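Below, chain A partners chain B and then partners chain C, in two separate complexes.
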Partner chain A sequence: MMLELGLNQQPAHTRQGSSIGQPLTRRDGFLKVTGTARYAADNHPPGMLYAVLAVSSIARGRVVSLDIEAAKAHSGVVEVMTPLNRPALAVDPDAKDHPFMFRLDLLQNDGVRYPNQSIAVVIAETLEAATEGAALLSPRYETLPARVGLDGGKSFVPRGVGVGNPAVQEKGDVEAGLESARTRIEAAYETPAQYHNAMEPHAIVAAWDGDQLSIDTPSQGLAMAQGRIAGLFGIAPRNVHIRSPFLGGGFGSKGMISGPQVLGILAARLVGRPVKLVLRREQMYGPVGHRAPARQTLRMGMDGEGRLTALSHHARTTSSTFDDFFEPAADASHTLYASPAIATSHDAVRLDTGTPLFMRAPGEATGSIALESAIDEAAHACGMDPLEFRLRNYAEVEPMTGKPFSSKALRECYEQAAEAFGWASRPLQPRRMRDADGFLTGWGMGTATFPALMFQAEARAVLRADGSGLMETGAQDMGQGAWTAFAQIAADGLGLDIDQVDFRAGSSDLPNAGIAGGSGHTATAGMAIHNAGAAVIARLADLATGNEASPLFGAGNEGVLARGGRLYRRDDESRGESYSEILARAGLAEIEGHGKGAPDPASQETYAKHAHGAVFAEVKVDPDLGQIRVTRLVGAFAAGRVINPRLVRSQYYGGMIWGVSFALHEEAVTDRRSGRIQNANLAEYHVPVNADVPSVEALLVHEDDPHVNALGIKGVGEIGITGTAGAVANAVWHATGVRPRRFPIRIEDLLG
Partner chain B sequence: MRDFSYLRATSVDAARQAAALPGAMLLAGGTTLIDLAKCGVAEPDTLVDITHLKGLDRIEIDERGAIIGALARMGHVADHDDIKSRFPAISEALWQAASAQIRNMATIGGNLMQRTRCPYFRDPSNFSACNKRVSGSGCSAIGGVTRGHAVLGTSDACIAMYPGDLATVLVAFDATVRLGDRHIRVDDFFLLPGTTPDREHAIEPGEMITAIEIPSSAAAHRSTYLKVRDRQSYEFAAASAAVGLELESDGRTIRDLRVALGGVATKPWRARAVEAALKGKVLEPEAVRAASLLAVEGAVDHGANHYKIELAPRVVARAILKMGETA
Partner chain C sequence: MTSKTTIPVHLDINGQRHTLELEPRVTLLDALRDRLGLTGTKKGCDHGQCGACTVHVDGERVLACLTLAAQAAGRTITTIEGLAREGELHPVQAAFLEQDAFQCGYCTPGQIMSAVACIREGHAGSDEEIREYMAGNLCRCGAYPHIVAAVRQAALEAAS
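Entry: the complex of A and B
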């Protein structure tokens, strides 16, 4: 779909020449601040009904009865969907053909396997009637004891963790390395379950027309959602039309289509009318994924110079009883610090929860807070400054694989962030700094890293006789700025100014842009856009260079430059002509080109590809009252080519704030008797408020990477959370002398 | 949907009469009531909207004290120059409460009537046992998630914490709730749970808060509200203290001291033992810290909230010492 730009919503920094690298303001900003950006739940097709989920009170057991009569008798209620009348699906929702096909709860039976699982859907003329109808169902249950917590079941070693990594990996002899060490540390850390809590709840407006299905819903992966829905309903993917122009945050929870979204489609099918279904905040704690809790143990050995002789990282995590997703937390130790021996391992227990899913650096964030805390402990045990210790163990090649890095400007990140922060004056010992008000002041640091991933994407480019261009790819903007950054890449790819380019995204009817996840969207879809632009320019050049009437005749494709809507001879820039002239001469209204973005398998084999960064944190802790406040964060990040420094900085800010959130705020608290989460709302499930993050600075460190892709783009979405969480924890230690062992760090942990 | 009647009251008397009917509730800013209706705790048959009543939002201050109308908005009171100068703890408590959006809507009368954040109380569809909702149904919180629950004033029937900030200040300074012609001390307005946690306020059907009256005092003039919490804003107190201090002319002997605790008790909690222990004594840190321990005499924890017993006296001591430092 096309972004409906307001009249006075021209980009603030429109400029001639290259768009890439310019700090353009968000092209969708005007729509958002005026409330005219249309999110999924803002849609009201004619005849639409409202669907409300009835969800399970219990964690485990089965539904014995539902008072369907009472619900249907309520004025305005049209239908109640239960396992008895739910329309048939072409595929068992419990089938799993591949690791990323997650099992869904679609009323396939009366079983309950986690709290807030959908057990019925009430469809009514109004939201209020549907809500009351759901309450009137008064479910009765047969209840089994809930399995809760990191020791809530028998542990096992998963077959794979994350995206299929081995659960256990080893290089060198860790035990021997520990044995030979001059200094050793062993440290354990616990992190809680966390929930994505995007501001926009999962919402869907679904309308059937025969076998054509029209959907408005937020999606980080339109093509995957389209494929999954098509498979479930036994229709062709091209019959599924999903619009997702804006997401009010996703954080991984909108990567896969969730059960409640599919139930909205089923409800529309059942009643033969369009249906809207929006999750209530508390209903987001269950069926749409979460970050599993973890208990991590690290062991490190160091020689007399503070060099690691061994690094061992074990993570206990959890998954649901019915599906597999295991945070690869220990894998964080594969990439950052050089050690002759590294061992990572995972085990897991199964709990009566929804299935955990990708959430804001899944594995990397959890692993990083433990690794960076342990590195801090190790530095202290060696009597070394934490930055000096990190530099002493700087990895010149990827530690676990021995591969060279495609690029790694981490040293520059350390230098620039330390300088901006003023790290050099930090006392080595804790509890040495107080501010004028008597607060204990602490400085801590952490290293940030995130893999530079790419997926598969396609784009279609068009040049028109009027000299304008069109770029299409089904990209997803979840707030990161895709509408803007991709238009910048498109403008350069087409050799046009950005205001001459129509950029279309956010629809499954457009070419597959891959997933907006894994911090790989800009690289992946950006490369597809770049290549599509090159393809259509090549066609245009063919038209010109092959025509005797053109001043470019005979220059050959390689001999032509595209810029500002004109082609020029490379060897003589005074000879050129406009796109319009070329197309007019050829008698063509428009020409098109296609491009793909994908990782290069050869360079994948050769290089380790990661973005890096360094984060420094200052905290103040009230020595008597234990109250912790982060007063300053400085990060420096090197992540290849920066398409838009304004947006990139904003991504780093966001990531760093999530790091504060991880260290000090977020925790889903479970009632151990019922298995229910007791703070399933935004008043009690804490994320930082503005006042919690008074000063954040993100430095962009220059980095050229010739190997990741032709544009040199890595990814910036998730790296900020890594490094930061540990930096805050280490700053708390430096302020107080108390080493945080469980997260979030609470007042009671510091009362002493 | 569940139908209810909506009445717009045209006078205080009409509002009282309408609210006296079974199932009727007064509606002011709505920041508590609508929230509770959404989670199924409040199920009014009739809402009596009093927001259009004239004159109930006045703030009157003279040498005897302040009278704050029930419909004055939290944000308005917090920002009132005379409140800030003569009752600083009131302004500070209000500024640290809720969010700017809520403070712009919520009224002072409604603020007193705000109900506990106990997650079991607020979740009737998943936890049927709650003595505060249904007398005699039991308490789901005991044995459950209790980090935010009370350690003072609890009973076997209820451990729900009173979450408000303003009322903590009001009990410290002997404020009175005006229910029309009947006046009742704030300390008596809030009831201990005992065996009847469903009854939280000494207010009868047909009564309505019309104003709050705070008498002037030297202690109120030299007062503060210290709120300790897990995040900087939009968060209830882990422990808080309202403190007012009056010194003798020697500048070091305590003539009058007011101490009340928030975030730790089932109602706004006046710490008279702390006051008594320090009145007539010289203000010095060791004595203040020792006396502050009396604030949690008789406290009982339920596991995760144990830290409040440790924390509350420290908050009290800090607030007293901070007041001692001000000239």
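Entry: the complex of A and C
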């Protein structure tokens, strides 16, 4: 069952020397273009049954009755799981002992606390029978009024936002700064609830063998998922084997095990056979997280030269009635613009919704569209070009903490993107440009930023007597290119050509690779791989330099370098020998080494670590109909060392397209009366289609960062959405003279 | 419900004939995935909204989730598994790989099936036309610019 990508694959660009930095095509690409990459729902163990969820059609109340008899009478239905017969769990699904954990709805009672909550599971011989059985349950409810919207409850200040950030932070005296300002602006922006909508619905195939549990399910954090599931069932983590070689997208929604995934495991337990449970698309609008809506208010003061004297950013957001996740939107104002006084604050209301969760650039995306819009308003209020205004307020140190940046090539990003876009010819005033067809044309910009995070990861490296290498870490590939980028890092770490390296990942029985999230996976698991490679090379060097028969004898560990499957003396590269020769002389079939990846606490203390970028957008607006089209996007990003420019460009494009989507497309619409989501499908919940996406350019700006980690890696998965959303909004203003105040921008807002 | 709930359905898929006993309600998509183990064709929405299940029926692109298996009986069906010949990638598959026209890969089989048809239909004459005629296949990762590049490359190869 182990997926291996390595010796038997044919990379399109094999080469000698360093693998890091090469634009290799994806090593899993052949599998993906031929339909042979196996996603969770593609598995079909013998004897497998199909499970289908029945979900609540109310937002709040309880289930009074289910027609279990009707469902069971349907041909092919094997069992119906409800609170009455759901197998026991070792812990309360509502218990929570760390922040990376959902409180789960696992049929613990008849209560309903959000729409699309699971209320029963129908298990059948075929998918069709299970689907029909679920429909036959015909639930009846006792319904309570739904609490809906940003004013739908009593507001409070959360204990923390994001993962434990203080909800309220202040530096300097904001009110005094505003008082002393020559120019002031105050602006509010609303953003909607958004749903991750990975193309692959959450799916699980679960099979029990005694207390051994075998699972295929997409996971952005295998070790965390393993621990969570083991805890729920009261078994040892090693008894839970999860395979997740490919995720059909995650974007945060597969970061933590969700209720429906555990229900699939419970269903398999109940019937004593393997069970597959796949969420229907509409069922993804509830139990698997979303980006919470927000209302943000920004206040800025500027002196006579356009320098900020104060920046205040407040965000109102929402969570569920039973769990805590608070979008840290206002924290976006901590990083980008220098100001003697900065205040950020959050409050929240509790609603009858599923619990919100991390969604691509959580906090940063929502905060960025408001901050970048407000900065644009501030520039206009000062009569300044938006780029000039941003440069005037360029942060030489992190504004909130005063820490120096570990590296920051944002000026270069501004320069290169502005040049490529042709920004210099932009008229200052809005509504000054039209194209040949009479469409209003506008140019806007935004600054992109995302923290360079690292988590904890481990890797195991092996060198074999035949001269090949093996690298193992339970890394997760949700499309960012882990199979390829990590193999590149592994090849360099082992001093081998990439086609000499087996790279194993995507399985919970491998060393813990940490989470694929926070744009930190490449840095974290990459450093574990790098260090595991260094450890095994050091063992190999010990064998050689300590043996009189070796040409490396006496060179000492520091005196050798590894390249192309050979160790060389640093002081005389004509003296060296192959890994095979060293291992053969030592009579060893293989040797291994282990490595860890983690943030360096000392440099954490000293430096602010962020990736940066600048995005420029052109939009065209029909002056009569208000229809908006993005016609050009140019971004430039500096995110430390680039492992594979081909894959990194794809990440930037994807992020930038998410930015367009944030500004113009995405919105979950909640019915104020019932609390249900009215557009829980891919036709009415708009995500961009190919025809919505213009010409996109992403420039990779060189940046050496000696402090983030030894490889100099920051992260690229999320930064593209920041900056872009604001750039589009600002371009709409520049085209029309109308400042967007709520997102997605609607035609009626422009025609007002 | 009557006692006889299944019907025999003959499906010609990728040059192979399959005979299945199916309930009439079984979609082509579920027949491919659950009965025949042809899991390359993906289910993204089951409502004809995302394009992940695109296959060819008699050479035309069809959404397998909105097609009953019985409707495809006796017609020529091609799925993603049927594109490569003797291990040699179809030019569209090769172009997707070369242009990095996918990330997570889940929508990719549908994108590729649409792209093959898009080129054959003569709808790949410009980037704008490609964007329009590939607009029925959602990609949440946002690989669209590279999808356009891949279709452009494969269309040029097909023309030369």
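The criterion applied here is as follows: the second predicted complex is superposed on the first by the 742 of 752 C-alpha atoms of A that agree within 3 Å, B and C clash if a C-alpha of one lies under 4 Å from a C-alpha of the other, contacts with A are read in each partner's own complex, and residues count from 1 in each chain.
Note that contacts are C-beta pairs under 8 Å (C-beta built on N, C-alpha and C of every residue); 3 or more make two chains touch, one makes a residue touch a chain.
These figures come from a predicted structure and were not determined experimentally.
Contacts of A:37 after superposition: chain C is touched, whereas chain B is not reached. When the two structures are aligned on the shared chain, A:624 is found in touch with chain B, with no touch to chain C. Applying the stated contact rule after C-alpha superposition, one finds that A:57 touches chain B and leaves chain C untouched.
Legend: residue contacts after superposition of the two complexes on their common chain; A:676 is shown touching chain B, with no touch to chain C.
When the two complexes are overlaid on their common chain A, residue A:646 makes contact with chain C while staying clear of chain B.
Touch counts on chain A: comparing chain C and chain B, the chain ahead is C. Of the two partner chains placed around the shared chain by superposition, neither chain B nor chain C is touched by A:366. Touch criterion not met for A:736: it reaches neither chain B nor chain C. Overlap of the chain B and chain C contact sets on chain A: residues 126, 128, 683, 688-692. Those residues of chain C that touch chain A in the complex are listed here as 1, 5, 23, 25-26, 30, 33-34, 37-47, 49-50, 52, 79-81, 83-84, 89, 93-94, 96-98, 100, 102-109, 112, 127, 130-132, 134-148. Those residues of chain B that touch chain A in the shared complex are 1-2, 40, 117, 119-120, 125-127, 143-145, 147-148, 228-235, 238, 306-307, 310-311, 314-315, 317-318. Across the complex, chain A meets chain C through its residues 12, 25-26, 28-39, 41-42, 44, 75, 126-128, 197-201, 246-251, 278, 280-281, 478-481, 646-647, 649-651, 653-658, 681-683, 687-693, 695-696. Contact residues of chain A toward chain B in the complex are 57, 76, 115, 126, 128-129, 131-132, 135, 622, 624-627, 629, 664-665, 669-674, 676, 678-679, 683-684, 686, 688-692, 746-748, 751.
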